[in-house]
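Chain lettering (A, B and C) follows the sequence in which the chains are written, and residue indices restart at 1 in each chain.
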Amino acid sequence: SACSSLQESEKKVDYAQAPSAAEMQRVSPAFAHYTNDVVIGDLWQRPGLTPRDRSLITITTLITQQQAVELPYHFGRALDNGVTPEELSEIITHLAFYTGWGHSTAAAAILSDVFKERGIDNSDLPAVPANPLPIDRESERNRERLVEDNFGVVSPGVVDYTTNVLFRDLWIRPGLAPRDRSLVTVSALVAAGQAEQVTFHLNRAMDSGLTQAEAQETLTQLAFYAGWPRVFSAMPVFKSVFESRGLES
Amino acid sequence: SACSSLQESEKKVDYAQAPSAAEMQRVSPAFAHYTNDVVIGDLWQRPGLTPRDRSLITITTLITQQQAVELPYHFGRALDNGVTPEELSEIITHLAFYTGWGHSTAAAAILSDVFKERGIDNSDLPAVPANPLPIDRESERNRERLVEDNFGVVSPGVVDYTTNVLFRDLWIRPGLAPRDRSLVTVSALVAAGQAEQVTFHLNRAMDSGLTQAEAQETLTQLAFYAGWPRVFSAMPVFKSVFESRGLES
Amino acid sequence: SACSSLQESEKKVDYAQAPSAAEMQRVSPAFAHYTNDVVIGDLWQRPGLTPRDRSLITITTLITQQQAVELPYHFGRALDNGVTPEELSEIITHLAFYTGWGHSTAAAAILSDVFKERGIDNSDLPAVPANPLPIDRESERNRERLVEDNFGVVSPGVVDYTTNVLFRDLWIRPGLAPRDRSLVTVSALVAAGQAEQVTFHLNRAMDSGLTQAEAQETLTQLAFYAGWPRVFSAMPVFKSVFESRGLES
């Protein structure tokens, strides 16, 4: 019967659950200590970034690294820290292009449950915005020419979608401020270990208002969530960008 | 009792499920729109690659990036697009070596369920083929000498397995055409962010019949499934290979 | 009722389960053959590394690549091969910093279940050790100066945590021998595709007692579990380190 066979299935472990405090303690009192006293008690309290920015960086990292276990908690925390449901919707959409369709699809399934629990529903948001942001024509022309010159013969399909779907459509959606969209993009690149793509997007982020101090502290948040090595590989690129902009340190 | 405790466990969310259309819409009408109108409605309909090739690239990316949520759907789609059960069996086997044993083990658990639903069973396939493909002795001698000279003193074990298990055993299995095996390998390398390993395998793919136009469109498919940054890091390598072969563009 | 709705949920596939032998055979007799005859029957029996070291490398790879499906089996195997519960606790803690917080959190949930099944409980371990290992002051001063000079202006937060939480706290925890802690770190770097970070940590591993023969065979173990391309990208770095130390081959 259903019930007798369910006794079996009850034994199945659902690994998609985060460990409880008692389970963390059973496995590693040290890990529980670092989580409570260093990450939650110290890192998240640092003044260099708002809790909202830390949430943007953290959920981006979790989506990019497919860390489903922590996502329900951090989606909720992001909402509590002032990230709006529409912004979460945009981040999921944006990261489909910047980390792969499957990562965002998996994250959408989780966010859907978080939304249900909180009675949130984005269904009425427009799929195509009525009032897209303006395009900076000169910078877009430069970007397009550079990509066309370098890669037009390598993959016309990629170059075409990059222009028409990414930079003249996705990037001008008004649901996420350009500075936040760039912060999400830079965080995804560092989390994926793609320091070689950071220069363009970090410059774009700083052109859109991300300060050098915020960029510096973004690395600090990423060190814990994406891992130290990802950040150490990205630091030389951040350094070059800071130097090329002539900023103080 | 079993039933009362199951009421608890029912609340557990199974994150390994793909979101329904309604859930996608709840989370992000934009993401639903891009999925339906750009990816399914446009990308998959482009003439540059057969749907079967697009399926090979897509399931390779999903296995390499551990995107379990989309795999059941795309294994089914691959079968519908003409990838045979034996070819799926070979891809799982091949990717164990090229993305890590655990990735293929996880994918095998999913494929097993897809096969059960469709009444497919590969159990009778030979584990060791009776008639392996011929080895191109000269190219294999060159490959072996290069690896031995470079890395024989670095890891004799790796060099030995590379020759005896990979190139004189795995690669000559007849269950997957050499052109398809190379397409899968190149896709896995791009999806894993390992552009530095692409040159050898893209040349091998093109030696086995992958056309330049197909390679170009492979990047387009990968842009959506592996994410734009992976493809932008791979494009310079594809460009060099195209140029070294003196092909038109 | 609970029971009738559970008949539905029973149908849900739990993808976090490893495939059974019959399921492996149904999907790919070849993959089952390679797993049994090459990986279990040959690789794990090679004399170049102890089974305990192979377990350290393997669980590190599985945690780093988020391969949850194989972790329950390999945590159990690690315990059977002589890795102590305290060492597993330290590895989870260490990898939080070296592969990202979410990876270790997910692994902690799985290890908690393995511990429960075996009646193991680490709750009484000290979160902060009473007797930390001594710091090699000269080498730590050099490391600190190098990082401060290179990156002090890039991210003061990262540099500060690197010194105070990583090298003057995490690395001197006595629960994992320095040689093993470095072996875990090197394995994580190779598995994550970060060959560019290997030089410092491979030297540190060999300074702490990892022999060249063990380092060579570490690559062999990693080839199967992290995938061939990760290892081929790391081999030139291992080669440089071996040569810089003037070791025989």
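Assume contacts are C-beta pairs under 8 Å (C-beta built on N, C-alpha and C of every residue); 3 or more make two chains touch, one makes a residue touch a chain.
Since the model is a prediction, treat every value here as computed from it, not as a measurement.
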| item | value |
| --- | --- |
| Equivalent interface positions on chain A and chain B, same or different at half | different |
| Superposition rotation for chain B onto chain C, Cα-based, multiple of 5° | 120 |
| Chain centre separation in whole Å, for chain B relative to chain A (CA means) | 25 |
| For chain B, residues that touch 2 or more chains besides their own | 3, 6, 14, 16-17, 66, 68, 193 |
| Chain A-touching residues of chain C, taken from the complex the two chains share | 3-4, 6-7, 10, 14, 16-17, 66, 68, 72, 88-90, 92-93, 96-106, 108-113, 115-116, 121-128, 150-151, 153-158, 161-162, 165-166, 173, 175, 188-189, 192-194, 196-197 |
| Interface residues, chain B side, partner chain A - complex | 2-3, 5-6, 9, 12-19, 23-35, 38-39, 46, 48, 61-62, 65-70, 191, 193, 216-217, 219-220, 223-233, 235-236, 238-239, 242, 249 |
